[in-house]
Amino acid sequence: DKPFVLIAGPCAMESRDHALEMAAGLSEICSLLGLGLIYKSSFDKGNRTSINSPRGIGIAKALDVFAEIRATFGCPVITDVHAPEQCEPVSQAVDVLQIPAFLCRQTDLLLAAGNTGRAVNVKKGQFLAPWDMANVAQKIGSTGNDNILLCERGTSFGYNTLVNDMRSLPIMAETGYPVVFDATHSVQQPGGRGDSSGGQREFVPALARAAISIGVAGLFIETHQDPDSAPSDGPNMIPLKEMRALLERLMAFDRLAKA
Amino acid sequence: DKPFVLIAGPCAMESRDHALEMAAGLSEICSLLGLGLIYKSSFDKGNRTSINSPRGIGIAKALDVFAEIRATFGCPVITDVHAPEQCEPVSQAVDVLQIPAFLCRQTDLLLAAGNTGRAVNVKKGQFLAPWDMANVAQKIGSTGNDNILLCERGTSFGYNTLVNDMRSLPIMAETGYPVVFDATHSVQQPGGRGDSSGGQREFVPALARAAISIGVAGLFIETHQDPDSAPSDGPNMIPLKEMRALLERLMAFDRLAKA
Amino acid sequence: DKPFVLIAGPCAMESRDHALEMAAGLSEICSLLGLGLIYKSSFDKGNRTSINSPRGIGIAKALDVFAEIRATFGCPVITDVHAPEQCEPVSQAVDVLQIPAFLCRQTDLLLAAGNTGRAVNVKKGQFLAPWDMANVAQKIGSTGNDNILLCERGTSFGYNTLVNDMRSLPIMAETGYPVVFDATHSVQQPGGRGDSSGGQREFVPALARAAISIGVAGLFIETHQDPDSAPSDGPNMIPLKEMRALLERLMAFDRLAKA
Amino acid sequence: DKPFVLIAGPCAMESRDHALEMAAGLSEICSLLGLGLIYKSSFDKGNRTSINSPRGIGIAKALDVFAEIRATFGCPVITDVHAPEQCEPVSQAVDVLQIPAFLCRQTDLLLAAGNTGRAVNVKKGQFLAPWDMANVAQKIGSTGNDNILLCERGTSFGYNTLVNDMRSLPIMAETGYPVVFDATHSVQQPGGRGDSSGGQREFVPALARAAISIGVAGLFIETHQDPDSAPSDGPNMIPLKEMRALLERLMAFDRLAKA
């Protein structure tokens, strides 16, 4: 029943300067609000819709920047891993490993992530029922690592559309693991723009409020100072300058939900 | 931004005595909580899963009971209509006509309901996108009656299952009409028990809280002193004795959402 | 294992002349091909997307035209009914009563249709699992009328989209009743054009072929000499001039499926 | 417009003896029928529902067996790859690399598979619209390898259920690449048995017939001499002894579809 933790940052790590700037912005907001922050960014976008979309800064550069963010802002960091062999090196520099939704059934990746001893945040696959996440968690748990978070980010609903079944939050919570709500990927429209994904940024506040009122341990939001120029997931990211007001409001719902 | 109104009662009107007892119970709770109540019951279950399921008390008897409830408890009443010719007589005894979800595209029924001048609560069809409710409302509005409520009660999601897309609340609100959340039919499992529908009563509090936190004008909950013995929709109704605590909690979220 | 029967005609009866012209065209094709024809048209479009769309010619005029078509072309006719009180008069002039998909759970309508003694073709609701049609058939069967056809016309799949689960054909056939495949409503995109439904006429041949190869008793296709000018369902109707080649090809698959 | 090729074999390679026995059985049937065969088996089940389910024989042993099958029966072989680094070694021993549905958006895997120069069969993700497979194919095609097959194996439809949208076959064919229909995974019920997937073997013949009648370049069917004892996907595999009759029937529909 502790306040939710915020997992936030730009979808992709664009450069050292951009990452530090975003981390500074988020860090300042969270510190003003008294909100725990885990800084998020991806070093590689390994499953873009199109081959022509940019991939990212790469693992080596990113790990240095994550280390600098940790040292400078004193906040934990999270990033996603795509292959078993990435888990060990990434775990040297980040606090939480994240398993992408498409990969949530890949046993070797789950075991490698579990074996690092780091916390692991697994996104529920768009193709998976919430009760099936118990099997996913058990794979990680089989390594002796019980530091697991389960994350709702939408379920396939027809084509190019996701829906949040809010029942997934209490269903996944029955596993005993903390549940995170990913408010920005939930409004993604996969493949919705033909050769990239669309998104409905305007529904993020409503969906986040719904999830937080039901009760979650964490809130995942991707943000950017200029989402429409971001290299990925722009249509669903929240402008950084709107984050403070949004979070302040959500914290009130969180306090009520946990009162 | 007024507090939500409660639309509540047992799914089916079982008898005069049972209806008065339920109305008394709900009326007492709402009066203690300072919550507006619209008493709901059906006089005919015209679309049961099976031909062997009971239908209801009938229109004539029901209208007398509705009149008595109005007089005794001073609360408005709502019931659902299934055919155009029912609208006029029903409108004599009830304050709000309700259009069942399966019938939300039946033009003649919508027009007849609109023509009574009474408020009309239309359930969004399980087969309809939320933006398509603008066309439904326009049919009613074409009668010159703008006293329309739009109600979310779940959308088809695979077989025998509904999902609430919570985006439907702000989407339907864009019409300018008040939006109601039906928390008990949303957890219905249509046809889920073979020859009757199942339900997941345990998710009602979470879904209601989510909807109210986003912001709704009305909350629809079916309730019964003994749901497991009710003639219809037992698996999704909330026991009357749990209503007070549930509503009290939801009112706190409502105040916060509208602060 | 008899050859499939064709249920075909324009979505709406537009005028006596148009109906006779269409019936003449279809009758000629079917007679050349040796294919049984049931002429289909609606006298009222009672559930249009928008209030501003035309409704139809009306029941009285239509029944006269149906009688004339029967007499002139010697083929049975089918039309859809929307209210219990329509069933008896309509049954005087048509051979098969059709229950629209949205209304497939309305008990009174099913009973009234059954009580006419006429054959009844029920469309599976877009919101219904195929196994739930056994309950629907049982409602009609309770009148002692076992002359029932069950019709696949697509299932809700996300928003504004239908999908044919081809498993529905053998599942519905387990009831023992003949199964019809509606190839043109299956490609409807409900509400897909904002204030009217869209459609994907180009997929009709493939879906019809799939259904016929699995094995069906009837094939339902709406057709028009100029679909793009038709008052309803234009985007999914097949041009009359393409019907002969389409049917000839489908008959070959039908013969093989039943060999 | 050539006859369809059969891709068949047991889901998992169980042992050298079992693989040779299955290959012998399939080879004999296909040779009698004059049907092209690509022998399929997996060396590793990398995304089982549960951590307690067996994984497989491993890559090294499997490659030897594939080589032996090729040499003994003169038929090409196909197996699925799960990581980029597997592609090169696997391509030494097999003719077609297969990309699992969950992994169909993983750019590195697609590129590595494409770079081998071998044919690549990509399963459409359960979470993907058929038109989004054009982007997937373009990733492989960017390596200069145009030997690509696109495979329909069902789309998420509610929870624990897949549906085949048969429109996906002509939609994917618009890319110009050959389309394969996977008749046994299409009837999988993912996670349907709690800690393993269920399946509906009884619908394989109907769905295969539907797809073949629409027209496909390949048919994928998993088979086993005793499916109910198979280590994986038993509920959806077809008994080997039923394959001959099934294929013979399907070949008649294929000839008609391509006449």
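As written, the chains take the letters A, B, C and D, and residue 1 is the first residue of each chain.
Going forward, a contact is a pair of C-beta atoms (placed from the backbone, for glycine too) under 8 Å apart; a residue touches a chain by one contact, two chains touch by 3 or more.
Predicted model only: the values in this text are computed from it and were never measured.
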| item | value |
| --- | --- |
| Of C-D and B-C, whichever chain pair has more C-beta contact pairs | B-C |
| Chain whose mean Cα position lies farthest from subunit A | C |
| For subunit A paired with subunit C, centre-to-centre distance based on mean C-alpha positions, whole Å | 48 |
| Distance between chain centroids, defined by C-alpha means - subunit C, subunit D (Å) | 37 |
| Subunit B and subunit C: spacing of chain centres that average the CA atoms, whole Å | 33 |
| Multi-partner residues of subunit A (each touching 2 or more other chains) | 155, 157, 159 |
| Subunit A to subunit B touching residues, read off their complex | 155, 157, 163-167, 169-170, 200, 203, 206-207, 209-214, 252-253, 256-257 |
| In the complex, subunit A residues that touch subunit C | 157-159, 161 |
| In the complex with subunit B, residue positions of subunit C that touch it | 46-51, 55, 82-84, 102-103, 105-108, 125-129, 131-132, 135, 138-139, 142, 155-156, 159-160, 190-191, 195 |
